[in-house]
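Should a chain be cited, it is by its letter among A, B, C and D, assigned in written order, with residues numbered from 1 in that chain.
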C-alpha cells in the first residue's frame, strides 16, 4: 500500500532569501556571543537587502554591528549590542550616537514580552517591572495602563512579530526540527513570534534518531519555514559543543570598524566587507578565507 | 451511484470524510483514546492525503507516532514517546490562543443548526438535567481556522434547533454571529454524523445537507434531525470509503476494529 | 580546604504534609490519566485535610474525584474531570450537579493563563479566545476589558498561585530536579506558579548523572520545595516509561463510587477509602494491597 | 584593627564583601565573562557561605558549574554545559518579572547618592556625550529583593550627586522614591567600590559609608566621591579577605589572576 511521505524543508540560501526584501522587520536569534546567525547576516549583506528594522534576542553582537556597518539598518530593537569583554560594538555605537539609526531603547522584558505576545496571538503583553527609571520614558512604543483588575500600574508592550527570523542551532533534521546543544536562549520564543523562520544548522542529523529523543528538540519543525545546512554558520561567534568564538577574527573586525569610523584607515572596514562578506560565493569559500580546516580545528574548543 | 461492494461502518465513513478534507498546511491537535474518530481521521490523512500536516497531541508531542486504536485499557498505549519534539503547557496556551492548531474537532451533547455546541448543561445551567463533561479547550473553536463537528448519534435530542448552552460558538445566531462576538475565524466546516454530512450555507450560515451516506435517505435524515436543515435541490451520496482507505484502517490504524463495533 | 555542600531536599511524607492545612488552595499536576500525584492525594485524604480549593492542570481524574469523594473539597478549578474512556468522574459529577462543591467552570486557557500570570509575577493574564460562548458568562472570577492598545476585547484572568502544588515525575535527584520521561504537561507552569511545591518521583537518580544532561531536566530544583521518593506514586494513573494505568483498579474505583452514589451499595466507596486510603500506613503497604510485585510487573507495559 | 599580612587587590576585596553577604535562600543571576566581580563573588559564596544559593546564568543554565575566570578569549569557556537544568527566554521573562532572581548585581557609568544607576546616557539623553552600553535587564532592579552595586572606579565622575539618566532605580529621590514609583522591593543593598563599602541610611535612604578598605582613609573616600555620603561617628575597616577566601580565589576561582591585574 503506497502511502505519502513528508516533504523535507531543506533549502538553499537563495531560496530562503528570495522570501526577504527591503524594509522588512527581521530578528536574529542567539544571544550575545553565541549562536548568532552570522552566515545569514553575511548573505543578507551580500545581497544588499536594506532599510531593515532589526530585532534580536535582547543581546546582539556581530549580527547587528555588521548589518549596521553595511548600511542596511534603519532601526534597531535590541537591549544591548556589544562584543562582551572584547568591547563595545563600534558600528552600532557610532550610528546610534549620531542618529544614523533609530536605536530604540529596549529592555529584556519589553523584547521578551513583545515576542511572547506575538507567540500567544495576543495584541500586547503586560510588563510590571519597568518602574522608577528613565528608560520607560523613551519607550514610545509601549503604553502605561492600570491593570484591568485594578490597582497596579503596568506597561503594555505591543506584540512583536518579525517578518522573518534567522536562527542558528547546532543540529537539525531535514524537516526543520532543531536541537540547540547549549542554551536555546530566546530562539524558541522568537521562532513562535515570527511570520517566517529560517534556520541554519552546523549539522543535519537523522530524523529517525531525533525522534527517539523528542525531549532534546528545542524548536519543533512546526515553527520552522526552511532549514539550511550551513556548517560553522555562527562563526565568528560560538556554537556550543561545536566551536568556540574566533577571538582573532572578532578583534580584527572590531579594529577595522574602529579604524574606519575614527578616520585612521577609512577603507579598513570596507575591506573587511569586501573580503569576508561580498567576496565569498558561499559559506565554504568564507571558511577557506578565515583559515580553512586548520583554523576551524583550532576553534574546536574543549566542551 | 453504484453501491460499494465494500463493507464499512458509519464510524469509518465519518473518519474518511474528515480525512479527505484535511490538508498539508493544516495543523491539528488530537486528543486521547476517547477521541477515536478524529484520531483515526488524522492517522488516515497523514498516510494518504496530507503527509505534511502537523499533528500534536493533548499532552503535547509534536508529530508523534500514532499507534493503532485499541479497544480499551492502556490509555498509556496511545501515549507515544516517539515524536519530533515534546512540549508543555506553554505550548498549549500559545497554541490555543494563537491558533497554532489550525484545525480542531468537537463533538457535543447538543449541536444546533448554526453549529453551536453544548458540552456543559442540558436544561437550565443553574439546575441542569444533565451536567456534561465540559470541554477542556473551547478556545480552539475561536482560534483555529476551522473546526469539524462529529456526532456519535444522529438523533433529534442531539441535533437540536438551539443548544441550551453554548460551550463552543458555531455561527451563534446567524451569518453575523461570529463577527459580532469578535471572532475572526470561520468556525465550523463540516458536521459529520452517522447518517450524513452537513456543511454551512454561505449566506445564512445555517446547516445544509451536503450528502447522505450510502444507503441513507434524505427522509431518514430529516426524521432524526431536530431542526430543519437546508436541503439543496440535489443531495449527493457521501463517497464511501475506498478500498485503499479501508485497507489502511483495517491493517494499520484500527486493527482491533474499534470503529467497527 | 573544606567547602560547604548543598543541602538535599529529600523529605518524608509527614514533613511535607505538615506544611499543609485546612482551607488551602492546592494544585495537582499531571494531566488526565497520567502523572497524577495519587499517593499524595491518598496521604492528604488519610489526614483529612479538608475545606480545600482544588486546582489542577486542566484535566483531572482520580486525584480530584478521590478528594471530593472523601469530602475534602469545597471548590474546584478544573476544566474537565473524567476517567477518559473509562467514563465520567462519579464523585465530581455528583457533587457538582448537586452543588455540594462549587465547580468553577474553567477552560484550558483560563487555567493556564492564571498559572502563567502567577509564574510571571503579574496580576493577571490576557486571554483572547473565550468569545461567543456561554462559558465566559459563568466565569465571575475573570473580567472583560478592552486591550490598552485599543480595539480588541479581552478577558483578564487573575493570577492563580496555589498555596501548595503536588507533582509526580518519573525521576528526580536529591535536590529536587525533576525529569518527566513523558510529557511534563502543565507541571512546569504549575511549579512556577505555586508558593510551595512538593514532588514525588518513582525513582531517585544521581545528581551527577542528571547534571550531565541538563536538557532532560523538566523542572529545576529552584521551583521544588521538597522531594519524596514514592515508587508508583501515580498509581492507578500511568507514569510514562514506568507503568501503565491500572484499568482494573480504576474500574473498581469507579464502580464503587457509582454504587455508593446510586444507593445500591452505600458502603462500597467507603470500603474503598478504608482499604486503600485510610488503611495503609505508607506507599509500600498500599502497593501490597493492590497486588504487590506481581501486579506491578503486569503494569510495566511496553514503552 | 591589625593589618592583614595577606596581599590582595581591591577587586578581591569587593568580591569577598559581596560573597559574605550572600545567603542560602538567595537566588542570583550571573552574567557572562565581563562580569568578573559578581561571578567570582557568587563562586566564592557557593563554596564558603551559601551552598544552597540558586545560581543561574544569563543564558539560563540552572545551578551550573562555574568554571574559573579567564583573562580573555573563549567566552565559550565560561559557557558550561553541566548544570541542574537548562532554561530559555521563557524563564528569563518570568524570572525578571517575578523576581525568581532574588539578588542582582549592577555596575554603572554613573551611580548617585540614592543608588540610582546610569548605563545609558552621560549628558543630555537626546545628544549624549557618552552613549553607554545600555542595560540588558533593568527589571531585576525592581523585581529582585535587593541588588548590589559595584563600581570599578571610585571617582567623582562615577559617584555623582545625581545621575543624568536613571537606567536602574535605586531609591530615586529619597526615602519614598521606590514606593511612589510603585516598586515594592527594597532596592540597593550595598555599594562596593575599590575604596569602600556603602550601605543606605534607613531613614533618608542616602548612601552611608559603612567601611573603608584596609589602608584607605575616610578623607580619601570623600575626595573621590562626587556627593556627600553620610559618615557615621565610627567608620570601620572592611574586613579584608581571609586566608581561606584568598586560597579559594587563587586556586579554584581565579587561578589566572584576573582579579589581581
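Criterion: contacts are C-beta pairs under 8 Å (C-beta built on N, C-alpha and C of every residue); 3 or more make two chains touch, one makes a residue touch a chain.
Keep in mind that this is a model prediction, so the values were computed, not measured.
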- Query: What is the distance, in whole Å, between the centres of chain A and chain B, each centre taken as the mean of its C-alpha atoms?
  - Reply: 41
- Task: Can you check how far apart chain A and chain D are, centre to centre, with Cα atoms defining each centre and the answer in Å?
- Result: 29
- Task: At least two other chains touched by the same residue of chain D: list those residues.
- Result: 61, 81, 86-87, 90, 93, 97, 143
- Message: Two or more other chains touching the same residue: where does that happen in chain C?
- Response: 121-122, 128, 152, 215, 218
- Chain contact topology (line, ring, star, complete or other): other
- Message: Can you work out from the touch definition every pair of chains that touches here?
- Response: A-B, A-C, A-D, B-C, C-D
- Query: Can you name the residues of chain C that touch chain D in the complex?
  - Reply: 1, 3-7, 119-122, 175, 177, 192, 210-212, 214-215, 217-222
- Touching residues on chain D, where the partner in the complex is chain A: 32-34, 58-61, 72-77, 79, 81, 86-90, 92-93, 96-97, 120, 125, 128, 131, 133-143, 165-169, 172, 177-178, 181-183
- In the complex with chain C, residue positions of chain A that touch it: 121-126, 128, 143, 145, 147-149, 151-152, 154, 156, 158, 215-216, 218
- Message: So in the complex, the part of chain A that touches chain D is made up of which residues?
- Response: 31-34, 57-59, 79-80, 82, 84-85, 88, 93, 96-97, 105, 107-109, 112-113, 115-116, 127-135, 138, 152-153, 181-190, 218, 238, 240-241, 244-245, 247, 301, 303
- Message: Could you list, by residue number, the parts of chain D that touch chain C in their complex?
- Response: 24, 27, 47-52, 54, 56, 61-63, 65, 81-87, 93-94, 97-100, 143, 244, 247-248, 251
